[in-house]
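Can you read through this structure? Questions will come right after.
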Amino acid sequence: MKMIRNLDARDADRLIEAATDKANEIGVPQNIAVVDAAGHLLAFRRMDGAKFISVDIALAKAFTAAGARKSTADIGPATQPGQPGYGIQNLQGGRFTTLPGGIPITVEGAVVGAIGVSSGSTSEDVEVAQSAVSRFATMKKAD
Amino acid sequence: MKMIRNLDARDADRLIEAATDKANEIGVPQNIAVVDAAGHLLAFRRMDGAKFISVDIALAKAFTAAGARKSTADIGPATQPGQPGYGIQNLQGGRFTTLPGGIPITVEGAVVGAIGVSSGSTSEDVEVAQSAVSRFATMKKAD
Amino acid sequence: MKMIRNLDARDADRLIEAATDKANEIGVPQNIAVVDAAGHLLAFRRMDGAKFISVDIALAKAFTAAGARKSTADIGPATQPGQPGYGIQNLQGGRFTTLPGGIPITVEGAVVGAIGVSSGSTSEDVEVAQSAVSRFATMKKAD
Amino acid sequence: MKMIRNLDARDADRLIEAATDKANEIGVPQNIAVVDAAGHLLAFRRMDGAKFISVDIALAKAFTAAGARKSTADIGPATQPGQPGYGIQNLQGGRFTTLPGGIPITVEGAVVGAIGVSSGSTSEDVEVAQSAVSRFATMKKAD
């Protein structure tokens, strides 16, 4: 038997709030998804003005970052034509994405979940996700 | 051209909070999903202790209630063997469900979204969803 | 943050071995699947003579038992025509099954995974799964 | 009528063990899948620490190697943009992959099954799969 550290509902709320704050700050409404260590959805928010087509993209970004244990932006290069990871986006029933904006949440070296952000440009999505992850880490230290 | 009355992000938060309060009151952690008038996800919360397998079920309940414009519990009878609606659960890529716990949100006769609740017994799911819908209606009158 | 108790690889091996022993004892080759608390596959064995069509059924039984936190045999009655759970088998992309032979593994009240067995009659599948769960519980007490 | 030479359950166990040993030797926990000559799952193990998202990838690698009768790494080049095999990853319901780490098992020129390994880097996956195939060949000669 083993013990797995995992995000809880309060952690998920904090991540959603932190991402919302950043999205408001830069004026870009976003879809924000938070999954647990097993890739299962914990929380989601679509801000007013965020694209409906990006709902599933935010979900896929969070799922992929939790499962691959790395930022989706860091997976992309190895999946380009000619690279060994080419075609990985066809697996996982359309839930595996290398679109930037999915970032794992790590505590003491273990991935405990992930956040996925989608509706802005990819750099805006990454900025909001990264800001939420950083602020969450700061909050956890203060707990 | 037409105007669509629709739930916004604040409405979705209120529905999630109202459902969470009821779930806590009856001591049953739930997955809670809120979709807009188009059936697209607006907000989601998995409370600590809610089943992971019920995440997709909550999403399906909300989607179905918004799309069919009726409570999922009210759709079931017409889909039984021998009825004209038999087999409808096979449509929509597995997102159409008659499991009780999906309820549309109606304002002045128009469906503006829906809530789906799943993880408890079907009666607990319905109780939480119904409570959220009722409290939301009260809040809107007070606005 | 929360801590989740979960089956590990050694636990999964023990469950596979215990199920294999029982299957040999009753002379019925089986497909045996073990998933963790999040429903993800940990271990699988197809014994010589087990049906290939039952591979996915064993996987679905284990997934469903872990997710629903109850034996698949106990879910079936509420999903019959006329019951509130009618149609639930259409959800989860064909991975939700009420075929008997999926049983959750529980430790101190928490579901830590599940086993799914398929290739025999449903009573043979249940017998093998139940035997593995019982023997596993005995082994854990002896640890 | 014809006779099909095929991996049996004991062969599958040996392949799983051989792959596990190599994975432990290089310190990379892996998902390991073994399929028979028909591409149907025979055995699977997720080592402690292996990624859940790579479960399905290991399954896909084994399935593809058995079906295409070649290493997944060797299929990739012919599926690149501009090549005739472009887009093949879209077939087989997301089970066809050219990610390296799927290798067929061959006996006297006939493919009798395949192994798929996933969770490490692609070179680590290939190293573990190749080691298992080589050690299995040695064992079979000694039988």
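Think of it as A, B, C and D in the order they're written, each chain with its own count starting at 1.
Just so we're on the same page, a contact is a pair of C-beta atoms (placed from the backbone, for glycine too) under 8 Å apart; a residue touches a chain by one contact, two chains touch by 3 or more.
Given the structure is predicted, the values throughout are model-derived calculations rather than measurements.
Chemist: Using the contact definition stated above, find the chains touching both subunit A and subunit D.
Modeler: Touching subunit A as well as subunit D, we find C.
Chemist: Determine whether subunit B and subunit C, two copies of the same sequence, contact each other through the same residue numbers or different ones, counting it as same when over half of the numbers at the interface appear on both sides.
Modeler: The interface is built from different residue numbers on each side, given that under half of them are used by both copies.
Chemist: Centre to centre, by mean C-alpha position, how many angstrom separate subunit A and subunit B?
Modeler: The mean C-alpha positions of subunit A and subunit B differ by 25 Å.
Chemist: Just curious, how far off is subunit C from subunit B if you go by their C-alpha centres, in Å?
Modeler: Once rounded, the distance between the two centres reads 30 Å.
Chemist: Which whole number of Å gives the spacing of the CA centres of subunit B and subunit D?
Modeler: Once rounded, the distance between the two centres reads 43 Å.
Chemist: Check each residue of subunit B and list the ones that touch at least two other chains.
Modeler: Each of 48, 52 in subunit B touches at least two other chains.
Chemist: Chain touch graph shape: choose line, ring, star, complete or other and state it.
Modeler: Basically it's none of the tidy shapes, so other.
Chemist: Considering every pair of chains, which are in touch?
Modeler: A-B, A-C, A-D, B-C, C-D
Chemist: Please give the residue numbers of subunit A that touch subunit D in the complex, ascending.
Modeler: Subunit A reaches subunit D through residues 2, 38-39, 63-64, 66-69, 78, 81-82, 84-88, 90-94, 96.
Chemist: Under the definition above, what is the set of subunit A residues touching subunit C in their complex?
Modeler: The contact residues of subunit A facing subunit C are 1-8, 11, 36-40, 93, 107, 112, 140.
Chemist: For the complex, give me every residue of subunit C touching subunit D.
Modeler: 8-9, 12-13, 38, 40-48, 52, 55
Chemist: Would you pull the subunit D residues touching subunit A in the complex into a rising list?
Modeler: Residue positions touching the partner: 48, 51-54, 56-57, 60, 73, 76, 79-81, 89-90, 94, 96-100, 122.
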